[in-house]
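Each in structure tokens, the structures are laid out below.
In what comes next, chain A is part of two complexes: it sits with chain B in the first one and with chain C in the second one.
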Partner chain A sequence: MANLINLDAATYKDLMQHYIKTQDEKSLYQIEQVSKNFIKNNILPEEIVNLHIQALSELYPNLLEDFQHSMDFLLEAMISYGLAHQEYQKLREEQYALKSEISVAASMQDTLLGTTKPEIEGLDIGVLSVPANQMNGDYHHFVKGKDGTLGIAIADVIGKGIPAALCMSMIKYSMDSYPEESMSPRNILKNLNRVVEKNVDPSMFITMFYAQYIPSESKLHYSSAGHEPGFYYNAENNTFEEIKSRGLVLGVSPNTEYNQYELKINKDDMVILLTDGVTECRDGDRFIESEEVLDVIKKYADLPAQEMVNQVYKHFERLQNFQLRDDFTLMILRKRV
Partner chain B sequence: MKPQSCVNINKEWDIVGARQVGRDMAKKLGFGTVDQARIATAISELARNIYLYADSGQICFEVIENMQQQGICMTAIDTGPGIEDISQVMQDGYTTSGGLGAGLPGVKRLMDEFDLKSEEGKGTKIKAVKWLR
Partner chain C sequence: MNLVIDIVDENRKSIVNLSGEIDAYTAPKLKEAILPLTKHSGHLVEVNLEEVNYMDSTGLGIFISALKSTKENDSQMKLANLQDRVLRLFKITGLDNIIEINAAIRGGNE
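After this line comes the complex of A and B, so read on.
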């Protein structure tokens, strides 16, 4: 380090001498490079002032004493800047460490909450879930039953970031522990509600939509715990309608019962499930209307379900200047035959 | 070894007195301008802590030496409230320094050695050393 300063001292002196003679731009450019080197090697401002003082006294041994004192004065004034610089440096390193720790947590979350999109005969499924920050507070899950039915969960923790993500792991493991044959949507929500009510901080709420698709009957059974309503696309009439359902969000009251509804699905019909990160996209200061979501979906309706979902996401990502404000999860199911 | 000299800190201007004693000693020992300025800044921080948070206290200076080198040792002793959470005050960005890089972490950076003992309700003793290179 001391050697480095000496080397820089020589360079500094030469450059300054040259500049004093010529006032050329080249010397200024070179000192710019030296200065970057100083920063890289953590040379503090007071040390640079000192370099200057040394260079001056070597070049001008008979420099006015008053002027020398003024330079010492400047050096003194730089000490606190040097300290502040070191503090920022340290804080920046800490921030970097924190960020990489969170990204480890995020990839662990991906592994823990991972679900594979199942292949169901006659059903085209598209799904995409993107966190606003590093960790996702949305959750979706597919369960393929032995009897050929498909369980579909989509959930959102009110709040985002790490607490929301931790909460979701609990939901996932509760659901994994249920024996599949006995589980209708209403029972799943009823059970989860108890788990959430017992284990989660009262300030945290979880909304969930749970559906079970029964291919042999072309029917969707579903229940909702205060979740953002999805949409049903009726291909025959070419109309969208909201999937109506009522139910209290999870975790409010221990003995909540949930209603279960039924929807008949015909060829080319679509079921669109989402979280409020989709419907509460913002265009500037304006929240978008749910019709706008449907318009965008319509625009891409000719594509396979996964492509549709991807395109819709791209549309809203761009609309929001590539900065999501909330976790975004969109799922489209289309009956092919 | 030279006798130690101490400065009592009761009012803000005593900080200046402490800086003066410390700087003179550093200059005599042969510290360069940059290190003199750093030692003086560390003295300011120590003395300000006494002035702001303790009723009274003092800073003592002495010349120390080991086999290879000479140095200056400063000891700040006060009978103030003590420090409840030492790790916290030694953390960068802790509020009292207001993100200005000073405070006790600043003293630690400015000096070569730093030691702190504190007892709640009784007071604090801080020792800081700078070696002459």
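After this line comes the complex of A and C, so read on.
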């Protein structure tokens, strides 16, 4: 460090001398580079003022005494800045350490909560889940039952960030502990509600939509625990309708019962499931209405489900200047035959 | 956006007038204002949401914890004058069935 200062003391003096004579841009550019190098090496502001004083006294030994005193005064004034700068460096290092710890947690979460998009004959599935920050408070999961049915969960933890993400692991492990035989959506929600109610902070809750697709009957059984309603696309009439379902969010009231509904799915029909990160998108101060989400989906309806989902996401990401306010999860299922 | 909280205390009743947005940034302030009011047995907390034009799910979380607290402390909470967008949230989540909501006053002398 001392070497660097000595080396730069000479450079500083030369550059200053040159600039005083010529006032050219080049020496200004060069001192900028030197200054960046100072910052990189944690040289404090008062050390730079000191360099300046030294250079001045070498170049102008007969400089007015009053002026020299004023420079010493400035030197003293810079000392607090120096302390603040050291504090800033320390915080930066701490922040860096925290960030890398969070990213370890985030990748662990990915591993814990990972689900693979299943291959189901005759069903085209697209799904995308993007966290607004490092950790995702949205969750989706597929379970292939032994009887050929497909269980589909989509959920959103209220309370953002790390606590929300941790809470999701609890949900996932409760679901994994259920027996292999497929359980009905209403019973799954009823069970999860009890787990969540006992284990989370009173201001935290979870919304979940749970569906079970039965290929042999071309039917979807579903229940909702206060989740943002999805949409059903009827290919024959070319219409979208909201998937109606009522049910209390998970974690509020211990003995909640859930209604179960049934939907017949025909060829080319679609089921669109989402979280409120999709419907709470904002374009400036304007909110996106759900019709607008459907318009965008319609626009890409000719694409395979996964590409549709990707394109819809890109659309809303652009609209919000690539700054998600909330975790975004969108899932589209289309019956192919 | 900000949230302005104005509390009028009457005998055994507090009216909480809110104005602005309830989101992750303003929710802690709301929680601090409302929760203590629910701790007195027999007390009624009436929350006027007429001037609240946006609420996200964090806001719902605050009202859920306030509701839980009214049950523990034998107090009562009512929400009044919800704008459509805010009311929609309570309906989707099924909370309109367990929280007393009076949405009808909105629009004046009906």
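Here is the rule we use: the second predicted complex is superposed on the first by the 336 of 337 C-alpha atoms of A that agree within 3 Å, B and C clash if a C-alpha of one lies under 4 Å from a C-alpha of the other, contacts with A are read in each partner's own complex, and residues count from 1 in each chain.
Quick note on the criterion: a contact is a pair of C-beta atoms (placed from the backbone, for glycine too) under 8 Å apart; a residue touches a chain by one contact, two chains touch by 3 or more.
Everything numeric here is computed off the predicted structure, so don't read it as measured data.
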Side-by-side fit of chain B and chain C on chain A, or clash: fit
Can A:Asp147 be said to touch chain B (first), chain C (second), both, or neither? neither
Applying the document's definition of touch, where does A:Glu241 land relative to chain B and chain C: first, second, both, or neither? neither
Using the superposition on chain A described above, determine whether A:Val252 touches chain B (first), chain C (second), both, or neither. second
Now for A:Asn50: first (chain B), second (chain C), both, or neither, which partner does it touch? first
Is A:Pro229 touching the first partner chain B, the second partner chain C, both, or neither of them? second
Decide which partner touches more residues of chain A, taking chain B and chain C as the two options. C
Please work out whether A:Ser203 is in contact with chain B alone, chain C alone, both, or neither, and reply first, second, both or neither. second
Smallest separation in Å between any Cα of chain B and any Cα of chain C in the superposed model? 20
Overlap of the chain B and chain C footprints on chain A, residue-wise? none
Residues of chain A touching chain B in the complex: 46-47, 50, 53, 72, 75-76, 79-80, 82-88, 90-91, 94
Chain B contacts chain A in the complex at 32-34, 37-38, 40-41, 92-93, 97, 99-102, 105-106, 109-110
Chain A partner contacts - residues on chain C that touch it in the complex: 24, 31, 56-58, 60-62, 64-65, 67-69, 85, 92-95, 97-98
Flag every residue of chain A that touches chain C in the complex, lowest number first. 156, 158-160, 201-205, 207, 225-229, 246-249, 252-253, 276, 280, 287, 326
